[in-house]
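Below you'll find the structures, each written out as structure tokens.
You will see subunit A twice below: alongside subunit B first, and alongside subunit C after that.
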Partner chain A sequence: MILRRPFFWIILLIAAGFIYLPLHGNNVSLREDLILIAIAIILASNLNLMIGYTGYVNFGHIVFYGLGGYVGLYLTTVRGWNLVLSALVAGLVVSLCAFLFGLAVLRLRGAYFALATIGILEAVQAFVSNFDPWGRSTGMYLSFESYQPLGGAMRALWITYFLIIAVMALSMILSLAIKNSKFGLGLFAIREDEDAAVVLGVNATVYKAIVYSVSAFLPAIAGALMFYKNGMIDPSIAFEYMLSLEGIVMLMLGGQGSVIGAALGATLYEKLRSYLLTSPALSNFHLVISGGLLLLVVLFAPGGLIGWLYRLMPRARKVIE
Partner chain B sequence: MSGVLASMIDGLLVGAVYGLAAMGLSLIWGVMDVINLTHGAMIALGMFSMYLLFAATHINAYVLLLPTIGAGLVIGLVVYWMAVHWVVGRSMLMSLLSTFAVNMIVIGIGTAVWSTSPYNVNFVLPGITIGAYTFTGNHMAAAISAVVIALALQFFLYRTRTGKAIRAVADNREAAELMGISSTAVLSIAFAIGIALACTSGALVSTLFPFTILSGGVYQLKSFVVTILAGLGKPFGALVAGVLLGLLEGVVTPFIAVSWIPLIEFGLFVVVLVAFPQGIFGKRASA
Partner chain C sequence: MNAILEVRGVSKRFGGLVAVSDVSFSIAEGEIVGLIGPNGAGKTTLFNVVNGVYKANQGTITFAGKDITRCSPDKVVHFGLARTHQVVKPLNDLTVLDNVTVGACFGREYLDLAAARKVASDVLQQVGLGDRAGVMARSLTIAGKKRLEVARALAAKPKLLLLDEVLAGLNPTEVVKMIELVRKIRDSGVSVLMIEHLMQAIMSLSDRIVVLNLGRKLAEGRPDEVVHNSEVVEAYLGFPDKVHEWSRVDKLTRRK
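Up next, the complex of A and B:
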């Protein structure tokens, strides 16, 4: 049972902290910082399901977030649906697309799949930039009335924030649940040796398509919420290639394959990034520094921070997953 | 109809350059089983080295290909020892991520130096006019350069000792080592040649179209498509497949908006991968 894992309660504590801190004293600027961290954690945790658990690199993970944002904004603005329903539908639609797509593309092994994900990103972006109902390359704007059902803009922003934190907690719980399930063991088997896994009865193609589509669900919901909060979307911000890449850096930094590793990496990286972007001397070089960091982690500490912690304290594995 | 024909010929000429770019990717992939994600960044570096060399000298841009090749070889060696040597033979994930990290570093430096605004190399060779259509001299010169370099590589791989050593290592690294071939030296040379090809193709592209530091990504995607079409480790097949891709682009561009092309290329990529996992020209099974 997942409730018996100590780590489950740690996740809830983290989420409670995220909610309590900005509410205490109505600290909006802290909220905006935390929201970026929460989005980073959502992206990194779900990417972890692919990279850390299954051993498949997805360079285009941001596609889910962007598509979710588009579907969500389309439903709230053009169709006038309420936010929670639109976000859920966005998640389901994007997951379904990912599943169908995954069945075709995930017959590819390892590196070929990684290349295909770069193509998916380019192709989806090309499609959305030419798609009329979604405003082509100019994108879509949210009408201000859409905030009314939630009681005005100010309340709406807080509600969106709580929803995003909930998605963040769910992402980590999902990672934890998959890690401790038979499905998760199948994924680990695929990661270690796909041929052997197939011989032992793991239906690798279906497993991979499922995990691909599961890793799409929560990022799509997060995208729907985030772009609702921002009030606008266009192809270049929805499918920001950089964010997709930074997700990989976060994951490797914290420790791929570990639930807290993904979250820790996301938090630290997001802090580092906001520091670099605001520092006048370094803002031009934040990509260089991220790349250098990734290279160092890959060459010298492939387990990331958590891998290092595990080596230092092998017993930590029991509590920190 | 003649418009389509003209566009096809244009596509053929540009396709030779795609082929050259893909040869670099294919060589590295085939020899050391590393998918070089610095490819796009190296293409962009080639573009900017041509830009800088031309701005400094103002001589015939196609003569400047020679220093570009030299620069590419040096950059290739640096990248090999910085990021690739340590991950050869480790899991694919590691080599993907380490080359990818180098890609981020190069693009980051490039963005800081040149921003992402467009540049062009202002060098024009006189073209040939047939009826209402003009084939620019640059397109023809670029295609001829690409084919000459491809033939030179073919000669190198099949007729020289080093080239044969590269092929031997690609075939079976352990057996090659038992025959007294230093695989480290061979791998670093092959990697350097692969990068030099990417830089050269970037330099050729820069004489045809305006470019930014991010333009390499587009050609990287095309290189993947071409490599997959050709089958792994078949550098000359890559040239042929590149010409085919160029031809395809030439056929479709009169009818659809250019912004759809990535979608078409990607569709092709997936269809080929799923239908012909060993490439259209390939027969050897590969992982």
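Up next, the complex of A and C:
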């Protein structure tokens, strides 16, 4: 079913490009650029399931990424598990946590839900900062030997990169699959009018808890991979509130509710951010510019780049999802 | 005939306000029952209690032999009880077809997406929205949105349909079309409970009428019986001596 959608093949093409380009000529600095973009796409795509599909703004989405990083790093360093298994378990554990959080806070709607998500982020960060097995506020370090099973640091970094690209492709495929499913239609109905959706037969409580938990799975895996690659984690980098907000800017920029919109917004924003951060004149202003950008998008192109494209070419909806 | 819906001694309070008080009635299979009453009589609240949006403080509601008093609205739909809203609730940024597909997907038959699409386009033909299937629901006219409400509820393949003022705000031509549609729905075997202020329409459509006033059931009976009931006339107009005038229903509505 999903194989017949042209956009599925576009996603695979994008992933192939991400793999081929840095591998060609062993371009490590390009790889490091692309890895940031891939992480941004993963975060934005999964955030899109909540904001774009279900209409629930999650300000604390980064908590899944950070928790995934902690569980993953704990399993690889302290328990000595292999990377793939650790990342998968991290994804499952964090998803389960999200499901439980979701049942609790998804009774709230609108601004109250958004506030509760900030609360979850703060609470988890406070917990982790005082949790002994995870090194409290100093965090955890990966010993260099941990890279040995993957054939040394050089190879380990490449392998982690490929895994992250795979997670990126999976994030987009997941978004696409949900968009074209009955589950997705139920989410859209909740986004448009939750009361009406319930009267039409959508079990909103369960649907919301499921999508909240699903939106945690791949970011948690990405977190496990990324912090393994970085070799260290502490609460302030794992639960970086700013990154959570920037995810929302990416979505608004690209076009919430659209699979490619989330990816496009993530790519453009990440590019812009790395340019601003490295430019000597502008580095202190990067958040000012992001804020201004968000304001412009919300005021003049509420559908983001993709919404604008759809208005220019209504037919584009069929191919670009 | 078997009763498809039985409401027994249902009360609903909001704090100190008693919106519905000890109301009982039943609907037989294949029947059209009209629910009328002055503004604020508790008609829509009663609908909300029946389909589970509000929980009754007292009383029981039995639908097709099942006790649904404590069921949530989404469950009630699976059993085969669908409704429309007085204030239309279109899913604005979805197409008309998708709106109706939601109804079919999560309705009594719980169809998968492809089957639901098919049912949805059939229903859209039936309600006369076939040519609007691809447009966004927000761009429909008010008459279109009322039809969409009916279409979504119908797509759930209900055994009983609750219609909340589907005629309000429509022009005379649209009213005639909607009345035809309600008749067609009944003829296809669906029982109907409808709230309506348009007397001419409700009197000609209904097999029986239930009258609410201030949350209580005031009267129940065939349309001509209800129309001649002096308490009903008083509730509406305040003058029992207007019975004579009131009984010539079509004259009254034409003057409106």
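In the analysis below, the second predicted complex is superposed on the first by the 321 of 321 C-alpha atoms of A that agree within 3 Å, B and C clash if a C-alpha of one lies under 4 Å from a C-alpha of the other, contacts with A are read in each partner's own complex, and residues count from 1 in each chain.
Methods note: contacts are C-beta pairs under 8 Å (C-beta built on N, C-alpha and C of every residue); 3 or more make two chains touch, one makes a residue touch a chain.
Only a predicted model underlies this, so the values are computations on that prediction, with no experimental measurement involved.
Chemist: Evaluate whether subunit B and subunit C can sit on subunit A together after superposition, giving fit or clash.
Modeler: Fit.
Chemist: Where does A:N203 make contact in the superposed view: on subunit B (first), on subunit C (second), on both, or on neither?
Modeler: Second partner only, subunit C.
Chemist: Thinking of the overlay built on chain A, is A:F285 touched by subunit B (first), by subunit C (second), by both, or by neither?
Modeler: First partner only.
Chemist: Once the structures are superposed on A, label A:V105 by its partner contacts, choosing first (subunit B), second (subunit C), both or neither.
Modeler: A:V105 sits against subunit B, while subunit C stays out of touch.
Chemist: Looking at subunit A, does subunit B or subunit C touch a larger number of its residues?
Modeler: Comparing subunit B with subunit C, the partner touching more subunit A residues is B.
Chemist: Output check: A:L157 vs subunit B and subunit C. Expected answer is one of first, second, both, neither. What do you get?
Modeler: neither
Chemist: Give one of first, second, both or neither to describe whether A:I320 is in contact with subunit B, with subunit C, with both, or with none.
Modeler: After superposing on A, A:I320 lies clear of both subunit B and subunit C.
Chemist: Under the stated touch criterion, which partner chain does A:E192 make contact with: subunit B (first), subunit C (second), both, or neither?
Modeler: second
Chemist: Considering only touches as defined above, state whether A:L299 meets subunit B (first), subunit C (second), both or neither.
Modeler: After superposing on A, A:L299 lies in contact with subunit B but is clear of subunit C.
Chemist: Kindly classify A:I233 by the partners it touches after superposition: subunit B alone (first), subunit C alone (second), both, or neither?
Modeler: Touch status of A:I233: no partner.
Chemist: Check the residue A:L115 against both partner chains and state whether it touches subunit B (first), subunit C (second), both, or neither.
Modeler: Touch status of A:L115: first partner only.
Chemist: Enter the shortest inter-chain Cα distance between subunit B and subunit C once the structures share a common frame, rounded to whole Å.
Modeler: 9
Chemist: Which stretch or stretches of subunit C touch subunit A in the complex?
Modeler: Those in contact with subunit A are residues 51, 53, 72-74, 77-78, 83, 85, 89-94, 98, 101-103, 105-107, 110, 112-113, 116, 152, 156.
Chemist: Which residues of subunit B touch subunit A once you look at their complex with the stated criterion?
Modeler: 35, 82-83, 86-87, 91-94, 96-98, 100-109, 111-112, 220-221, 224, 228, 257, 259-263, 265-267, 269-270, 273-274, 287
Chemist: Would you mind writing out the residues of subunit A in touch with subunit C in their complex?
Modeler: 180-182, 185-186, 188-189, 191-193, 195-204
Chemist: Spell out the part of subunit A that touches subunit B in their complex, as residue ranges.
Modeler: So the residues of subunit A in touch with subunit B come to 51, 55, 57, 59, 104-105, 107-112, 114-116, 118-120, 122-123, 125-127, 129-130, 245, 248, 252, 284-292, 294-295, 298-299, 302.
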